[in-house]
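Note that the chains take the letters A, B and C in the order they are written out, and that residue 1 is the start of every chain.
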């Protein structure tokens, strides 16, 4: 096609004229804000879903791994059986796809009724600030969630109404599962090296060297979906910094610095381990799922991973896999990244909030915690009341220890609304040798100080 | 004439490029038929397609794609024929400027429309509807279609039109009874191209609708990729399902596809 | 609809024409012109997509040049133009030229096969190529098989190679199109021209420069327009294959538009990007077609 050019000028003029017609109407200021003002108080809440009439409940979740799918499908079926008037329309997405489409979904008029929204500032914080989520306090009172969930769990999904303060204020979501990012190890391989699971960073580095000398891949790792890098760096940072520092940085609270000596040491160690060849070759091009599958099939002595993999790894490896908290480093404690699985929240634009609350109540009840456990996962509460074997029992023990000794530190991307993008790219750059530890930390520090003003 | 050697070399080069062109397609097909279990054997697992269909909800996605494609193709064809007829056979004030305004639309990338459109439609409560997915594509396809049909009507035989007129046919009758039936090849080419673009479109349906029942097949496939975490067989089977309608149509109507692109369909 | 007054000749002024173009103009105005104008307007505001907006003047456009990640997206788009447009056109020309001297049978079959990549949904293309680029995928297998182990790498995770790897997919999509276009163009060149040139003692090179290239101007313009626009608008491929990674090595303008508008809540930046992208597409189209037009005179 050859376009006659001269004429396009006239056409451009016409377009400009039409454009002028629309001047003066700025985007989004016609005051149609759906402030989440219709949050209920306890007295109003109908806690018997069977009285709500026929309802279709649209639920967006990211429970796509083996154990998670199993438990949520079982619970959904049980819920529909108990309340035949409610039909659940389940939309399952990967964590990544949920992240990239949730904002669009929440701001639409017919938003889903229940969604899993990552509790950090990049997601939940942003949505709260924009009035896209319903505060759950009224429901919490009616259903007794304040008793069911300890303060430490609730704080991880609590924000002030303007979204500015994280960890306090209204409750915006409830998790089903506990989550910690620990160290999976291949029992056969570690035994062949004549080693015990590492207790300290020195143990761990010695094990990495031994594994490498024996021709094994020391750490299996896949970082093409870059969120895995947050876990990998957090795992290392936990061995060099103290809990206070990591919590300040992770929650985006003033008082610490990314460029402090301990963080420099953590970033340097990350580089050194890459340079030493402790991570599997080409990890930036390996997907997370290929990585754990490779680990399950016997490539790699260690795998840094979250408890969401317990069911998958158990069915793939049986008794051959073990789980421990990260080695104790500078702080002398086994600090571990994690807290809660992605919490379930109710969009402000849902038109079935009461049914949604009943659903969330149902999937976080005591019976649900048992179902969660039976499908091979780690329930966020009442883990001590469950019976488990094998890998799962090791995970439960680690979780209990982390709780008792107050070892859990937050995911680092919680810090600011854009920190997810910042830290995923930064870790990829650091580990690929594109930036040195100093540049890496300065990037993070710049955003941290801009947000906290410290 | 050229030597035998040169002829052979030509064929060899063509064959090499043909192999490169089909290799990814064959790879997907082969993967789709492989064993879904990690490390499992066998090489003809047709049941993968049924499994992918169930697990990936491709029934729903493909249905939405079909509905969207029918609406976009139907509406934009109608509008293009009408507008192309006027631009191609009639003289009226402002016709040139109007035509070039529409021509601009062929060049505008969807990225420049969808963000503002999304927010304005949301204000009207129209996101998450077929309207939001279909109409932007109708508009862009109509821009191309008007350009395309105008060229056809301009080139259509004057004598035939004159003859129709002498027989007493008005402009409306002339269009539908004579010019449109005569223009079947041009129409088919346009329909085929618009169908292909609509079927393959990703950005507009990604933004305009988040309702599961309004997700089109390419979107469903992209989500299936993330959701389905073990192995690649079912993913490849899903990919085959999504590509199949376009490829089948292409094999039957390849001359139209190629002609359309060759004669300057810019999208 | 009213019938025309009898006896009018075609091409005479007709008011009824407005009725015919009305539906097209209406839908086009509502869903192209208005959104285009609104996009331009949004780009002058700072807005998170919810709540109220504040006037920002041209500061969003300034950010496009100062934020390395946004600037990088355009640089990457330029690299992709090389892979999507320049390489396929050169390859297509070379191959077509080599074949111009012969009348080959079975071209119909080859045309269908070579053109195939154009019609497959990009998401499917992306999934296929992702598999090819896997660390243990067919490409690395092939390299290892021929003894080039040192070249094997995780293509999409490699800072140097990720963008070219995405680009190669564009080359794959575009080459068949270019070849088919040029072969069609050449089949229209009268054989006698070549025979006359050969009588004058012209070699293949001069033949190409004096006859083939000038005759293909129109086809070149079409090929370049299609492939350059495809390169500038790349979205699905990056969304599915790399999500912009590793680091930000494969971000492209369209991806940043989506990311900023719907993930980061920076609608002003996103629309400013979209406006610049649109201008780039316009300028590229106009330039390419000018060259094409000039050649036809």
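Keep in mind that, in the parts below, contacts are C-beta pairs under 8 Å (C-beta built on N, C-alpha and C of every residue); 3 or more make two chains touch, one makes a residue touch a chain.
Source: prediction; values computed, not measured.
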item: Those chains which touch chain B and also touch chain A; value: C
item: Of B-C and A-C, whichever chain pair has more C-beta contact pairs; value: B-C
item: Gap in Å, rounded to a whole number, between the CA centres of chain B and chain A; value: 38
item: Cα-centroid distance, chain B relative to chain C, in whole angstrom; value: 16
item: Centroid distance [mean C-alpha coordinates] between chain C and chain A, Å; value: 37
item: Per-residue overlap in chain B, given as positions that touch at least 2 other chains; value: 101, 116, 119, 206-207, 222, 263-264, 266
item: Residue numbers of chain C (touch at least two other chains); value: 33-34, 36, 38, 41-42, 49, 222, 225, 262, 267, 285
item: Numbers and ranges of chain A residues touching at least 2 other chains; value: 1-4, 8, 15, 27-28, 96, 104, 107
item: Complex interface listing, chain A residues touching chain C; value: 1-5, 8, 15, 18-19, 21-23, 25-29, 33, 96, 99-100, 103-104, 107, 126, 130-132, 223-226, 281-286, 290, 417-418, 421, 425, 428-429, 432, 434
item: Complex contacts: residues of chain C adjacent to chain A; value: 29, 33-34, 36-38, 40-42, 45, 47-53, 55, 133-135, 153-159, 162, 218, 221-222, 225, 242-243, 245-248, 259, 262-265, 267, 285-286, 289-290, 292-293, 296
item: Chain C to chain B touching residues, read off their complex; value: 1, 3-4, 6, 10-18, 20-21, 23-25, 27-28, 30-36, 38-39, 41-42, 49, 95, 98-99, 101-102, 104, 110-125, 127-129, 131-132, 138, 172, 175-177, 179-181, 184, 219, 222, 225-226, 229, 232-233, 235-236, 239-240, 253-254, 257-258, 261-262, 267, 270-271, 273-275, 277-278, 281-282, 285
item: Residue numbers on chain B that touch chain C, as the complex places them; value: 2, 6-7, 9-11, 13-14, 17-18, 20-22, 24-25, 27-28, 31, 75, 78-80, 82-83, 85-87, 89-93, 95, 98, 101-102, 105, 107-117, 119-120, 135-136, 138-140, 142-143, 146, 158, 161-162, 165, 168, 170-173, 196, 199-200, 202-203, 206-207, 217-219, 221-222, 225, 232, 235-236, 239, 242-243, 246-247, 250-251, 254, 257-258, 261-264, 266
item: Chain B residues within the chain A interface of the complex; value: 38-39, 96-97, 100-101, 103-104, 116, 118-119, 122-123, 125, 127-128, 147, 206-207, 210-212, 222-223, 226-230, 263-266
